[in-house]
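Two complexes come next, and they have one chain in common, subunit A, joined by subunit B in the first and subunit C in the second.
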Partner chain A sequence: MTVRENVANGFRIVLDGHRRSSLLSRIGFYVATALTLLFSLYPFYVMFITSISTNESLYSRDRGVIPKSFTLEHYEVIFGSGSFPVQTYFWNSLSVALVTSVIALVVSILGAYSFTRLDYPGGTLIRRGIIVVYMLAAITLVIPLFQLLVRFDLVDTKTSLYITYTVKTLPLTLYILWNYFRSIPVEIEEAAFIDGYSRLETIARVIVPVSLPVLVAAFLFSFKIAWNEYLFASVFLQSEALYTLPIGIETLDSAFQNVWGEIMAASIITTLPIIVMFLYLEKYMVEGLTAGAVEG
Partner chain B sequence: MAEQRRKPSESSSLSESSASGAVHVDGLTKQYDDVVAVSDLDLHVEPGELLVLLGPSGCGKTTTLRSIAGLEHVTDGTIHFDDEDVTRQAPQRRDVAMVFQSYALYPHKTVRGNLQFPLRKTDISGTEATERVEEIAELLEMETHLDTRPAQLSGGQRQRVAVGRALVRQPHLLCMDEPLSNLDAKLRVETRSELRQLQQRLGITTIYVTHDQEEAMSIADRIAVMNDGRIEQVGTPEDVYERPANEFVASFVGDPPMNFCDPDDVQAAGIETPQSAAGSPDTIGIRPEYIYPTDSRGEPAAGDRVEVDRPSDPVVLTVELIEPVGRAYEIQLTGHGLDLVARLRTRPDDVTEGDSSEFVFDLDRLTTFNDAGEVV
Partner chain C sequence: MRERIERIDPRRREVLLGYLLVLPSLLLIGGVILYPLIYNVYLGFTEVPLNPDQSPVWIGLENYETLVNSDRFWEATYNTVVFTVASALLATALGLAVALLFDRAFRGRRLARGLVLLPHVTPIIAVAFAWQFMLDPLWGNLPDFLAWLGIYESDVGLLQSRDHALQMAILFDVWRNFPFAFLLFIARLQAIPQSMYEAATIDGAGRFAQFKDIILPELKGTILIAILLRFVWEFNAFEPVWLLTRNLETLPIYAYKSAFSTYNQGLGAAIAVMLFLFQLVMVAVYMRFVGEDEL
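Up next is the complex of A and B:
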């Protein structure tokens, strides 16, 4: 079942009153839904509308919710002029997000497996530590991480982002996979051992294929975090050639004045890949959430 | 499994019985923190034999099996396959196969993929592996399901795939951990005789764990009855049933279980109690099927069964309850301080609930136990 179907089902239950909801609770549901949609979708709406509005209508006093004229000039500026190297930013973001997600996934497969199946001294401490690290705000880590990067001479390199983004996404991917691996019956692994496969081979040939939907979800979360990251990139990078999209958008704001159309167009370009990726991978993710029902 | 219809051809790659396959377990002990799961256990399995580990839950039978398969590190003792010491060997190197209670099929692989998986770790070539998979699928009547995934199979079909995956490699030893407990009653009875035929035909040494004594009796060459981490008795199903080594075996094997009586009550009822050199027994046991009602002439009415060799004098007992259980009747009897269950194949004519009636015991079938619960 996709997310869309789930939502549709939710609506059907409320509208048809399958679960015998009272009028009051239905009204509550509508209000809550409307508010949620308003607060989550309206910014996207403003972003989109602003990116296609002419400058006159943007800065006029009586601009309505729906603009009177449309234009693609902001996109032309973004892509056409040399002042904003959107392609460089895009590739930087893509490479950082991909490398980070792949490293995070490989490390968290092995790490989550060890959490689930292996007993070793300090194991409990490490498991708890992961959760604690995930709770820490990124801003508290910036200075210590910066000091480390200076020590290793990695400031203003993409490697600094590969490392720090992995540090940032790893707790989440570890946690997702750990939770899932716990639901895999241990007998499946034992069967593979008895069939002659070593532990690493069993991970590769049994655990990974069985967990594929969850691995996709973990990959997506990790990719999203790295793709949208702003704070670390703004501190650790200095050369414009290394900038990722969020930093690029910021320079657009500081280098020029009153270019909201361009900023919003760049924001749309930044958001689209994540939305496309989510829509494409969504079916695997929802499968992953119910894949625990797989028969041992 | 379809044995009459499908004899394996001469060129069959699933060869029949091999000479090797013995398992020797000596002094096996497995301890988890403070709990001793298996204690100083000795067990010897002959090549080609099907040995059942039978016992109540928590008796250590599954731990014993898992230790033999290599899935548990043993605390003490040794395990030999033929002459090879495998005690410290990883399961990958032991050449055992296992059928798990939950089947443990690989959910992401088709039936074919599941059956092929163990063969990839052998030196069997691609074409031979394909042949073997097809042969085992045919043997298990799963050939039309080769491209199906486990989630689409019924419980019985999954069980077959699990058996097939275990047999395809022709292991030194086949371990089965309650393989039938997830099937419904009818399928369980059918499958167990199929398993037995298959095992005899392939001649693979098998250790089979179950808590179901009926299953054990019907499938085993020999039964090892376990209790509390120890083996109470090893013997053929007949041995274990007719000549139990102690009170535990006598009470665990048999449904309804053996009646246990105080010798004084038995004597008070006018039944001759067996004496032995070791002195008077502490407990006297008699199986429910060796208590008979008498007919009008005072003779044991044994129905269509064998003659009663040495009937006791008739004893008057009150019939508390007559309970039909499928093909037999269980009759609860009291009197003279005794509390007994008799099992009859036919409903006796002149015995009614609440009335007193005369019954005789087969004196040759009395079992006597000393105060340690061992048979005297």
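Up next is the complex of A and C:
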């Protein structure tokens, strides 16, 4: 059976309604699923296997898909030696992503609450404008932003990333939060008003506790955007001590020849937190990713 | 002070508070997105001196004339269009196919869905290097595999030759973005009530008829959204190409190189203005066909 027939078979069974299925079409379905997963996951397999393969097996002509011997030396090199300061990159990425997500979350809680609960002229317009703004790509902003950062003497500072990353994630967190706030019954708040809470107290003591899981999701989505960001960091940062993981890994690649083991080990380190995060985010994935796949 | 605030009538206080709460968002977005966008239009008409203490020199349309008269610009435009159309359509088609495949009950379904999303959510730098290594002419597995299939046999790496670099960038981008379309479609498919399929089966509709008469009409809008969104993002995609290969120049890469490799920031700004105009047109098209509420 050719690949094409298998895949076609997979679809036929799907279209066949959801129940009746012969053995043959079941096999077709599993083959199609296996191919889909192979296509999706093979690069991750390569990443992982390369990171634990010895250099001899990586750079030999007769290597197979599964190497003959394994080692953790690449991980030791990136964490233990001065020429691969992956630890520094890691902490930089972490601090930038954390600061960014906290600011974005606080700002968007206030903004999203304002959109959903308070009625004022121009509110809808602002809300729509923010979504349109979110469709803009970073490449159209990077040149003027660089010029402005030069003028404010912010080039090569973490502050430049805090500011730009916060704004990069803001439309998404606003969107996620106002979608959720809309579903909170107004009665809950009215009860709080009767107890003598002001609006701000209500936000802090009623809205925030009620929406905690969604706040965590919004936080993680903005963390992910900051953690993955490459373009701004590549332009705004100059000294290696400030590099985040994406820029750091790229520097390793251009500074050394044949360090694939180390690069893949660093890639695994970069990828793991995001994978762990998405185990938690599964429930919110549709909303968050489809609204926010902007870094595409 | 507090008394004064309380003396304002509640309706106006509400309005004031509304503006106050949304103000931080507006200031940030205004300062870091809207103002730079406008400033960028201005930069496009200037030559930006290397010395940051000197202000940009107005040169009118010169940057645009340079671009329109250069082969490099048109080649980058061609690459961008091919890359955009091919990867947007292929990623959407593959996403639809996988969504149809997974829209049924089977063991491990949740896990399979989660795994399929990985290419889209992981840091692009990590997966771009994994692909680079897979495609490496000396050490990668894929060239051997392709040679074994008899599809491609050459010592020139797939990412090193210009023609193949474009194909590989499209392949990489489809791999990375089909989960986005998948996610849109699977959510939509699940909203189709089972009773519709049952009614169709009773009426004697075959599998293809079900696809054509039930699934396709239900998904039409979503397909349009997926393709339009990918058009906007693919046209401006920088990382998927830049991090995979340096042998393919699209418009975003041309802008980046102009601004930050050769420090011709005015020219880079002019290219960015064109990219921005394209985005505006696409947003307008999106609003026209999809409607604002779907945004």
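We take it that the second predicted complex is superposed on the first by the 238 of 296 C-alpha atoms of A that agree within 3 Å, B and C clash if a C-alpha of one lies under 4 Å from a C-alpha of the other, contacts with A are read in each partner's own complex, and residues count from 1 in each chain.
Keep in mind that, in the parts below, a residue touches a chain if its C-beta (ideal position, glycine included) is under 8 Å from a C-beta of that chain, and two chains touch if they have at least 3 such contacts.
Model, not experiment: these values are computed from the prediction.
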| item | value |
| --- | --- |
| Which partner reaches more residues of subunit A (counting touched residues only), subunit B or subunit C | C |
| Partner chain(s) touched by A:264 [first = subunit B, second = subunit C, both, neither] | second |
| Which of subunit B and subunit C A:33 touches, first, second, both or neither | second |
| First, second, both or neither for A:185, with subunit B first and subunit C second | first |
| Subunit B versus subunit C as contact partner of A:172, first or second or both or neither | neither |
| Which superposed partner A:99 touches (first subunit B, second subunit C, both, neither) | neither |
| Partner chain in contact with A:65 - subunit B first, subunit C second, else both or neither | second |
| Interface residues of subunit A shared between complexes with subunit B and subunit C | 294-296 |
| Contact set on subunit B toward subunit A in their complex | 69-71, 90-92, 96-98, 100-108, 117-118, 120-122, 150-151, 158, 165, 169 |
| Partner subunit B, residues of subunit A touching it in the complex | 185, 187-188, 190-198, 206, 209-210, 212, 294-296 |
| Subunit C residues within the subunit A interface of the complex | 14-15, 17-22, 24-26, 28-29, 31-37, 39-40, 43, 48, 52, 97-98, 100-106, 110, 112, 114-127, 129-131, 133-134, 136, 138-139, 141, 175-177, 179-180, 183-184, 187, 194, 197, 201, 207-208, 210-211, 229-230, 232-234, 236-240, 243, 252, 255-256, 259-260, 265, 268-269, 272-273, 275-276, 279, 282-283, 286, 292, 295 |
| Touching residues on subunit A, where the partner in the complex is subunit C | 7, 10-18, 29, 32-33, 36-37, 39-44, 46-47, 50, 58-59, 63, 65, 107-108, 110-111, 113-115, 118-121, 123, 126, 128, 130-133, 135-148, 150-151, 163-164, 166-167, 170-171, 174, 199, 224, 227-228, 230-231, 235, 245-246, 249-250, 253, 260, 263-264, 267-268, 270-271, 274-275, 278-279, 282, 285-286, 289-290, 293-296 |
